[in-house]
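Presented sequentially are two complexes of chain A, the first with chain B as partner and the second with chain C.
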Partner chain A sequence: MTEAAVSPAPKARATARRPDSIRLLLNNSLATGGFFILVTMALVALAAPFLPLADPDVTAPANRLMPPFSPDHFLGTDALGRDILSRIVWGTRVSLAVGLSATVIAAFFGSLIGLVAGYAAGRVDSVLMRGIDMIMAFPYILLALAIVAVLGPGLLNALYAIAVVNIPFFARSIRGITLGLSRREFVDAARLSGKSNAQILFIEVLPNVLPVIIITMSTTIGWMILETAGLSFLGLGAQPPQADLGSMLGEGRKILFTAPHVSVVPGLMILVLVMSINLFGDGVRDVLDPRLKSGVLTRPVARTTVDRKDASSGLKPRADAILDVQDLRTEFHLGGTVYKAAGGVDLHLAQGECLGVVGESGSGKSVSAMSIMGLVPSPPGRIVGGAAFLGNEDLFSASDERIRQLRGADVSHVFQDPLSTLHPLFTIGDQLTEAILAHRQVSGSEAMKIAEDLLNLVRIPNPSERLKVYPHELSGGMRQRICIAMALANDARVMIADEPTTALDVTVQAQILSLMNTLRHERDAAILFITHDFGVVSAICDRVAVMYAGKVVETGATQEILNSPAHPYTAKLIDCVPVLGEPERRLDAIEGRPPMVNNLPQGCAFADRCPKAQADCRAAPIPVTEFAEGRSVRCLHPVKEGEHV
Partner chain B sequence: MSEPALLTIDRAERVFGGGRTIFGMPKPAVHAVQDVSLEVRKGETLGVVGESGCGKSTLARLIVGLDRPTGGSITLDGRDIVQDADKNPRKLARKVQYVFQDPVSSLNPRKTVRTILTAPLIHLIGLNRQGQERRLEELMEAVNLTPEFLDRYPHEISGGQAQRIGIARALAADPEVIVLDEPVSALDVSVQAQVLNILDDLKTRFGLTYVFISHDLSVVESVSDRVAVMYFGRIAEIGPAREVFRNPNHPYTHLLLQSAPAPGRRSLVPEDANTELPDPYNPPPGCAFFARCPNATGRCGESRPALEAKSGEATHLAACYHPHGGKEE
Partner chain C sequence: MAAYILKRLVAAIPVLFGLTIIVFLIMAMIPGDTATAILGSYATPENVEKLNRDLGLDKSLPQQYLIWLGNLLQGDLGRSYSLNRPVLDEVVERFSATMILAGTSLVLCSIFGLLAGVMSAVRQFGWTDKIVTFFVLIGISTPSFWLGLLLILAFAVKLRLFPASGMFAIYGGGDLPDLIHHLVLPALTLSVVATGVIARLTRTSMLEVLRQDYIRTARAKGLAERKVIAKHAFKAALVSVIPVIGIQAGFVMGGAVYIETVFQWPGIGSMLVTAISTRDLLLVQGGVLFVAAAYVLFNLAADIVQTMLDPRLR
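== the complex of A and B ==
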């Protein structure tokens, strides 16, 4: 139990993260541009009293409507002869102050309502949110007008109106997030640590909501400035002679054709101000919540990029294998780091055979399996070496069209979560027939008939009725059976099953396992079965491949591996699982944890945890040795029969 | 049986929903926990097994006061937990603690391990700065982590380490009972063994009492002194772990044991796939296992069997009219 001692020093620390966000923000040139324009404008506006500007409110009828670039009046004068440059600077000052204060007020009250409603839930939530709904029921600007009408025109009242109108916006988004967070286990944990509700809400929940509040603020402030300008434009905000961008625009409107600069200048100013705030706000949002970033939600390419640098063309498929994966290398390139998720994986499957792939999470089981049909998302994933032969065909050099034909037909998949395969809005029948029609030239009614046979095949009672139901109307075990039916729809030669029973209860798991076992014998289909459970392996797999840190470290027949594991890792892995009926057995934990695949050692990846490790283990990559018929191991000092490690 | 029970659950019931809508229509009710009675003695580990939705987690939340029973009582050391949870939740939290299933989501992502572990020290036992430091050191030592971890954030530690922090937090106020809800289900097997060994070590060191909830029969068998099998909100069978696993009385326990995969077990005995599970909104009048049970007779569908000793052992009870290897009624 020395895990703590061997674990690497923390890489990314809180203090080190902050400069990162700022750097990220600076990388976004639009946001940076917006930020600098904004800062410049804010500084000028703040410095207005100290700048050598004319008094913005002093009228000089003699100098009225002077054009821009006149001496003494760089941007000209308005209808009362006031200096426009000075008024713009002072007006920006007012608009910024009003927009900012309105945002802060709206954010404060809106977030408070949202936090309390989301956390208290139940009746409090209903009352608060119905109140918010009532505010939202009015058209936005009408409500602001109504509030100003009641309070009377004036800049401060316009500010209140804008703030009130925006409260629901904050309340709603914050409530949603708080609701989700309040159901999280850390809130229960805080309660059991003795914290009161107020402490939980403001010390535990609020810090998690804060980024969202900031994002919402940065994206609303521009909007609020625009609204203030709108009210002032209508004469309800800033009152003469006070300068405000909106009122300046309003005053200039009447003389738009005779003296366009009087309205164009404040108009442009509003445009630049709001644009810069929004660009900066978007940048802030992208940094604080990368998931919302535009473009991120687009689908990755439909097939993993294949970029084989080495001479993989020399590889030849085995004669007896239906699927033969050789030296598969799949990497993820993330921000300059390379994760070698699969670092030379060899797997092969004979017709009708079930091969179990076992290993801890992160050992590369799923990536290896997904690489075969190009299902690893690209970017960031890419296949950089090796080959996968289906029969004699190298899948990595096949065309996209060919891969599309093979997927769901010759090679099919079953995943851990059936809901990731089934579409919630279509009936089982629709989805099954679609899968059939995608690969076969049959009529709709024939496809329906086939679908019914498939449900019979996977032992679903009353298939004709079940075809009409939606996935959510079925139990987890039923859904998984539907997924298996779908995988079998087009007579797959190979079925890739990724932890298909992990999410199921033991009794249902037993049903699914025996179903898969029966079906593969009936149909002579090969199964690549990924699991972390040796018990499951015993129940269905003929052979096992044990994976560790992106490589297969041992292969052999299931019984032989269980009885006499050759790799020290396999031996220890078997020893640390409690076995039903042997409660007295001491659990032999493996100390430490696997190395990260972005920082693999030169020699054996298991050496740090291995009781048999010697100097030569760390010197060079460990080759695979075939030490008996069908048994191979990647170890220099394998465990001998009867030896205990 | 000589020692009096530390934790006594008497006919506990928790119904979700129910009542009427504002239009007077009855709202559907789910009986998540029904008529559950059991005792846990000081220093023992009670395992609770059952499939998803059988009410294990609800029962666990009742015991730590995170949820209130709608009927029955739960007492700890003779004191009513429900009253304590309302009046003095901190006092209850000093005695009963909880370890969550998902280690990562039970830690606030924006707090350091130090802040997380200090909270119970401040709020539950009111330690001063110095005392806190000392206790933090003890706790980290107890769960086998170096103090360096105190300054990390939850996303900077592995699942197994996070679960050890969760255990340390539960230990912080020196409780008597710890309820562990699927504490190792989210962990890899090698890490699972580390955590199970730590739990075992802590139990003897601090004289703890565990209620250990899991769907994994082999894990429950390896940690429990006694085990309760739950089905559809009720206890189907309860008794000494050795007895229940070696000589299951209830057909459901039997089915669970036969379905569990084990290394070296070549074929599992699957149940007929056509069986239907009972509908929680419309519970069957008789035995809830009736539709799935190979031993069922007409009587089972009509009335519900009581939890009684079936195999001659007074400590081994099952709720079944036709138990396996036991006497018929």
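== the complex of A and C ==
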């Protein structure tokens, strides 16, 4: 249902000039902040020998444990009278160097293992990865401790230990990417051109893996600095007189109660250092890993935002309609671009009627249907105009609680893919009774009985057994029957079916269609049936509304439209349907593509693909003309009876 | 389900054997001659050779491993020379203290992490989300040993609310309230990092789940939003968070090394640090083996819980 919203987005991004990574990174203020703190700290640490600092190792017992902000000692002195500021700067130098070296070592060996395992695959891969799994079977810090235990305490040994325990992180993520890459065409091409494996691995594959290596480095370096500081804190890393931030903290701990600043200051320094690295690292990851780019991971709220600029109070519901959508406008706001998915849609349904809404992907048919009960994902979707009347009630001005009461009770939904629309972790019975209990005051066992009746109603054999199974244990057709049963649970007046047969194979399609048709006659329910398939329309719908680029372009009774389409688009669409026994029939795919809904032309949106288009088509918005009883078309030069386009 | 659990338990046995091999190899890789290390550098060659024979060090590496494994299976992990008691006795005693601390922390970080992550996702871009994100960032960037020191300064020294160290009061303690009183600060400190990691992941996986079609279905049924979040979205998110909680068990047990040192908690972590400094390698070996085995079992438990939640994995 989000096709209109989601599919244009990448294209729009591709056409816009791609901002370079550095600029993107700097747009992220947190990452920028982290970056500047990090650079400042690194510069100060690098410049330590040239700064007017006291010698970090000169002891002065007379000046021991001076508090911060003392004259000559801005951060005070430690137990041996050494200047803490100077020691912090020198200690940061050591910590940064150790963290960075550990990262580079881990990245080098980890990536190498990952590249070789992923590229060679087969036995080499499984041997290498079993080894990596064995290392990962140990708690991280514990393994580092064991390595230090073997090598003996010392800064260099701590560095090796931390590097070794981080190798698996690199090996695993690089192997996964390499495995995918080495099955790609460009690798095959390189192989055919006679390049050696090493050449392919390092010239063709490595550049593509590099971003992942950088992401893993930027997200693990903070850890490595923390862990080496930890080992030093325990007295297993830097040995006196050499000092990093961790060992300073460890020494300060002995005099924690008398002179807290001696341990608090180095700890604070570690925090700031690691935090700035993490902020910067997250920024790097967001830039390099497109899946995590901002805006992709937003969660839709319970109901589509309604933000009608023009008070649509002037609109009145039709007398004979049970559901009446008027001038519906739904937009998607994505990164500064507005996609007008529904640009003034009118639809109405009478009691017991089935209205088919037909159109290509992106025509706005699903968005229009989902707008009615506020099920368009929001953000980014929002309803900006029009009204939807259920009886006399304007749904867009109803409260959230009122909408909740109506959903599933008066208006129910059947969606496209029954595997993804049923919750995989709950049984059929649980999901059905839940729908019943949401709207009726019955006990759990009564609800179970009703659920069983519902399964009978949708012709599912052994209903009491089926209630206990999970969705993945059923076939596609069965699952869709369950969804229909769920939609019938509370005798809804209106059922909105969004391509309910598209994901099913043809024989099952026919069963589901006839089931829905029978049930609507039995229950006198109205159906709003969304589809892209005129074959399906002719099987079940009384009336049809054809949509194109966010607008309804033609409406009328199904048979009349099929026999004599008025809009050139409708005519073309009908021509696309193959008919058995009519081999001479033309199967025209419509040339060209529909316009992007963020950039609609002023006049007719179909003009560019229309064989009958003339100058006036492009000049101004096309009004709807009602040319016969119950038939209307949004076209200046409609197709005449018998004419072929 | 019972059959599945049994199958997983059986599958864990080779992993545990793999652990023993690695632990054995690490210790065998120690540079220098063990007998010389024990007897000192003035020992006569005859004595060194005799001790090597007594210790079985003249045999091949696989033979040594099998002897060591045989002893291990009979509960003999050797004798700690610095404590002069069997390694197993010491390790078991220390291990239970670590499990009390790490177990409590694991429970705390799961509860706080899941709660914070869910709230943060539900109020995405709102204040709750910003505050949670900020604390997560602080949490995963803070050196836990330093945080422990700060908490001691604040709550033990200044406010005198909790004891600064130990597991029980020296005089008159020993009961459960006393243990809890001593447990609060170290357990909280130890859980901070893991809370951040779990909260972060829970947020991401909630956001992922809330976009799924079945959440739209739940809403289309007319379920209250509270129920959509707490039942439909949370259960699905939990399935992907559970394995990470299993992995966090390893980080918590590893982090216990620092926290036990800071709070002088008589667990396996502080034992290891001392044992490394005194080069009591048999003690290190025993400790590492126990914690690694516990980690395997924690991950196994996480796997089993995940399978119980997700029928598709059965």
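Criterion: the second predicted complex is superposed on the first by the 466 of 645 C-alpha atoms of A that agree within 3 Å, B and C clash if a C-alpha of one lies under 4 Å from a C-alpha of the other, contacts with A are read in each partner's own complex, and residues count from 1 in each chain.
Criterion: a residue touches a chain if its C-beta (ideal position, glycine included) is under 8 Å from a C-beta of that chain, and two chains touch if they have at least 3 such contacts.
Computed from a predicted structure; not experimentally measured.
Trainee: Who does A:Arg184 touch here: chain B (first), chain C (second), both, or neither?
Mentor: first
Trainee: Applying the touch criterion given at the start, work out whether A:Ala628 contacts chain B, chain C, both or neither, answering first, second, both or neither.
Mentor: neither
Trainee: Quick one: classify A:Val104 as touching chain B (first), chain C (second), both or neither.
Mentor: Neither partner.
Trainee: After the superposition on A, what does A:Ala435 contact: first (chain B), second (chain C), both or neither?
Mentor: Once the two structures are laid over each other on A, A:Ala435 reaches chain C alone.
Trainee: Please indicate which partner A:Val39 is in contact with in the superposed arrangement: first for chain B, second for chain C, both, or neither.
Mentor: A:Val39 sits against neither chain B nor chain C.
Trainee: What residues on chain A touch chain B, complex-wise?
Mentor: It comes out as residues 1, 3-5, 7, 9-14, 184-186, 188-195, 199, 204, 207-208, 360-361, 459-461, 475-476, 481, 505-507, 509-511, 513-515, 517, 532-539, 559, 562, 572-574, 576-581, 583, 585, 587-591, 593.
Trainee: In the complex of these two chains, what residues of chain C are touching chain A?
Mentor: That would be residues 15, 18-19, 22-23, 26-27, 29-30, 121-122, 124, 137-138, 140-147, 149-150, 152-153, 157, 204, 206-208, 210-225, 228, 232, 235-236, 239, 249-251, 253-255, 257-258, 261-262, 272-273, 275-277, 281, 284, 288, 291-292, 295-296, 309-312 of chain C.
Trainee: In their shared complex, at which residues does chain B touch chain A?
Mentor: These residues of chain B touch chain A: 51-52, 64, 66, 89-90, 93, 97-98, 100-102, 105-112, 116, 119-120, 122-124, 144-146, 148-149, 151-153, 156, 158, 160-161, 166, 169-170, 172-173, 188-194, 196-198, 215-219, 221-222, 241-242, 245-246, 255-271, 273-274, 277.
Trainee: For chain A, which residues count as touching chain C in their complex?
Mentor: Chain A reaches chain C through residues 134-135, 137-142, 145-150, 153, 222, 226, 229-230, 233-236, 246, 249, 253, 256-257, 260, 263-264, 266-268, 270-271, 274-275, 278-279, 297-300, 302-303, 373, 375, 377, 404-409, 412-413, 415, 417, 420-426, 434-435, 438-439, 470, 472, 483, 486.
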